[in-house]
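These notes open a run of structures that come right after.
What follows is chain A paired twice: with chain B in the first complex and chain C in the second.
What follows is the complex of A and B.
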């Protein structure tokens, strides 16, 4: 009952689709979501493949619990080889697409090839249509979704905006207007296939043998372990609460990571966001409803989330909440990842202020800032340069030491000089700088651990990466602080066999190593696991992190210790013994 | 002594209803840990406490007239 057992494989070059059986052995070893999507890509993509080529594949993968009433299981994994980094790329998107796909009868859709002209997919149960997207091409994701809904009625849609069409390496995929599969250019993979949108309607359901028993068990878990004090922050505040935590601990990226505190933080923190809150929104099967619908002046959006507040507010020196809300809305419509977009704008601001290259935009310049989403998405004016991301900008204009990225993916909203474990988490993340593979800041900078030591950090990061890998493969929302024991309990109900926490930890480790193996095959090694020099060489000067850097030699030691714990050699290559132990 | 107390997010329920309020402790001083105990807030629900605008440890001594904010645990990022 957990899986439908079906995968839909669509080839856009030929216009043909086939229904095939889910590989059950792989599902056992990788569960679903992140892990299973990576397994299919590892087996099916040729090493060295150009991610822009039509041979790249886009995978939409559900999990074994998708579509059930198990709490916080409504997300969808979207995966491909990243055009931004050349690494493996898996993203996660909330809303209602994933359960709808399951009700249509599929665990996954694998999209191959490239359409000759712009199209969108319409899937209803066993019926698939490739429809012309000629009238939608050039439109934002918001208009695209509305337009498709007018034509097809009650469907759930994944769409791209201008950024995806124009092949930006940080174009995202949008759904229900304000939910995104955000990072690594996943929207550009859709754009490269001339695929504007995917709409689904499922009229089927999932069979659960003893619904009364299952409901009672899940309601108990929901009461005791989901809607409790450890998780209800998501409802009462949502991620904007983290602005205050980051500001207090000196890890709020400010003016392109030149500082870790922002003098205008009170204008964009959780209190400020709550002041303009109009409604809450939840994904499918979620009792936490972290989404904040806000409205200020003429601007409205679902958000802004912490990452947007950090990268597009403090990091750009903008403390006007209305401007940040509008910037957020524009990015969502054109489908720009706000983490990378905020970084690119901030980098241009610093290059200008330092006199390295004049982009004509400076920190705090709201008028120019609000022009950026359109210019970047359409590669117009200075947007044509920013559209390539900070790594490419640094190659062309200089400023390499403060181009804030790892493996060409821009750094999220936690300053590593005030959270040394976050530095390691960014360096060893499978898709470039990412805070979702491990978020050790929660127990270090925000918790009881000393943020300015490497002691114990390698193990902390490794364990969190493994836990999150299985969490994103079973597909539980990141915002539910769920233990592997609880995951095992819920999976046991739906997989109808005893699943243990130990088994899940091994799956998590297997998934993380398979992602590394994919990257290793693409030529990634230790040399790629480093941070920008600013983090090692420049000391912060304000707040709790004043006088702090992350010394290079400390980072080196932490990285070596991490490799040893992982069973990788000094170059970061997975040993044969580790591969064998994990059945890779 | 009096403390200006702010209980954030779901921790609000341990106060009188408002998120920010004045709270009287029947002592001349107490630690952050003792304050949390007096308020009946389970320590496992707390991620973070600030006194003024600085992060405080559980053993930080309070002597009255401080602004104390207690944050819940957060996940994800």
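What follows is the complex of A and C.
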């Protein structure tokens, strides 16, 4: 069976939980994961809701393939209205939580209300306990996980650290220490509900017809497709491989996006990370094992991923790998999103160096840099300012043109001036600047397409957004470059009906439009789909992107073209015809 | 005689071996019903990877009072009709890889599904005492 058919709805205000039926029509239209989580939020959240209020809901959503042997299907979607952006927010977290939830008998958990005192949830099959988190509050996510494991044994846990408790707009959720639901303050939503952790143990299983035959067929797919050379970079290198690509193509964010190349890149690239690699690590059912468990000096982490290397290394002017590893570990423990944290630190560094406001921290200052995760998570000293994110910092101190965010979400590790398609991807992403809704840099800056033209980019970004939307709803991990045809083949087996590639593309488009519709309802329009002025007005000065900007008029044209392709009007509003066509 | 070997340094903790075993032998995707136990977890000391697999030590064969588990051509065979559900084998297996069920037990029958699925060759099938 693809779905358990059950959803667990927990109300933390009343302490009551009910088991309810999964809405099958929605599951058909949205599959699971990202899509289905957004559908529930769209239907259940009142427009204009304050994301900090107890009426916000936190949804943990699995997919129809979760818990099966289908490769790369171990991820979980975690969704809520974002306290950082006010948009819809869905994150994806790896590890082993999602299958465990399914084995416990649920497709999803919907968490509502707010506990009076800090609690954590312990779910074992049909048994749910709200346990006191009094002894855990104030502790990092790592200590929380260790301590819960000592009490409950082999459970899988999602936990927040101090950043989530202190309601930081870029607090994340950690699981198995180093896997994160990273962006948009998803961890702060947990914190606002006084929910320290969610632990699950599931002892049931999933049955499907002809299971042996299916497993054999999937093993062939795993060998020939998942583990194809195209995807094996995940195992041989993992994401640090991108450092060199970005450096060579001039899109490695450096010193708060002032430059696109970093003189210290060799100290923090894939070869450097391999030098301290202790083991490779995978999520559940994943043969690609992108995780790099590293140890250097006294510090250890599963990471650092490319985004951390870009935003917390080059973007902060730090070329000391040991320092970056330690910064990464601290962020994972306190539950800071490293993309936003790196941006906030870099922004403070530039404001200081430009004499706009003296935060007392400059590019490359390792000692101060290493104090930042603690100060930010606990809102101490300058951390109190950085904790609000770059958009709020700019409101208060200035530097708006180089506060690197879209819709208040800080920009990931691909400089848009050297990858114009990434600019559009950031501008039109449903949760603010994000590289996972579409990652066109792969075929453009890193591929064969000309990065300095808008030609064909609108279509490229739209198609990738739709593909990724269905991929994250199915749920497959991003790192298997799976075709919609292959997705359809696998889903057909588990859904026990014929699923076509066309149907999946439509689902992807529907999911992306529903996310847009959610944001539209919150007042987001074209005016919110723009990049910081630095991208339009300042030319880069080094490497392959020397002399390059992304001219504003070009961006405007690309955006209009994108809206037209999407069936949205000039203001970025979804037309009635489009809604009808997608059954929205 | 050949048996399973586990190489911790290669294991990435994906649990595909558990899924392969449970789907092949129990017709269900349930890692807890696998006839091997591979764990890869972060604890306070860092990453701990451990694997328990059947090495054909024959403790179960020797312990079974009704000969429900026997060795045939270097493989274990289980006869559910003979089994009295006494649970002795489950308790005695030094590797804790015999699965206790509502009726009968599950022993490793060397189907090698786990070896076939393991993406990193962390599981191999080799001669014992070579």
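Just so it is clear, the second predicted complex is superposed on the first by the 584 of 584 C-alpha atoms of A that agree within 3 Å, B and C clash if a C-alpha of one lies under 4 Å from a C-alpha of the other, contacts with A are read in each partner's own complex, and residues count from 1 in each chain.
Simple rule for what comes next: a residue touches a chain if its C-beta (ideal position, glycine included) is under 8 Å from a C-beta of that chain, and two chains touch if they have at least 3 such contacts.
Please read these numbers as outputs of a predicted model, since none were measured by experiment.
*Asks:* Could you tell me if A:134 is touching chain B, chain C, both of them or neither one (first, second, both, neither)?
*Replies:* neither
*Asks:* May I ask you to decide whether A:565 touches chain B, chain C, both, or neither, giving the answer as first, second, both or neither?
*Replies:* neither
*Asks:* So, A:245: does it touch chain B (first), chain C (second), both, or neither?
*Replies:* In the superposition, A:245 contacts chain B only.
*Asks:* After the superposition on A, what does A:232 contact: first (chain B), second (chain C), both or neither?
*Replies:* A:232: touches chain B, not chain C.
*Asks:* See if chain A has more residues touched by chain B or by chain C, and give me that chain.
*Replies:* Partner touching more chain A residues in the overlay: C.
*Asks:* Taking the superposition as given, does A:384 touch the first partner, chain B, the second, chain C, both, or neither?
*Replies:* After superposing on A, A:384 lies clear of both chain B and chain C.
*Asks:* Considering only touches as defined above, state whether A:117 meets chain B (first), chain C (second), both or neither.
*Replies:* Touch partners of A:117: none, neither chain B nor chain C.
*Asks:* After the superposition on A, what does A:219 contact: first (chain B), second (chain C), both or neither?
*Replies:* A:219: touches chain C, not chain B.
*Asks:* Would you mind listing the overlap between the chain B footprint and the chain C footprint on chain A?
*Replies:* No residue of chain A touches both chain B and chain C.
*Asks:* What does chain A use to touch chain B in their complex?
*Replies:* 229-237, 239, 241-242, 244-245, 248-249, 270, 306, 412, 414, 435-436, 439, 441-442, 446-447, 477-481, 544
*Asks:* Hey, which residues of chain C end up touching chain A in the complex?
*Replies:* Per the touch definition, chain C meets chain A at residues 9, 12-16, 19-20, 22-24, 26-33, 40-44, 46-47, 49, 113, 116-117, 119-120.
*Asks:* Which part of chain A faces chain C closely enough to touch in the complex?
*Replies:* Where chain A meets chain C, its residues are 67-69, 71, 96, 99, 103, 146, 149, 176-178, 203-208, 211-212, 214-215, 219, 222, 227, 278-289, 291, 293, 295, 300, 302.
*Asks:* Mind pulling up the chain B residues that touch chain A in the complex?
*Replies:* Residues in contact with chain A: 8-12, 42, 44-45, 47-48, 50, 53-55, 69, 71-77.
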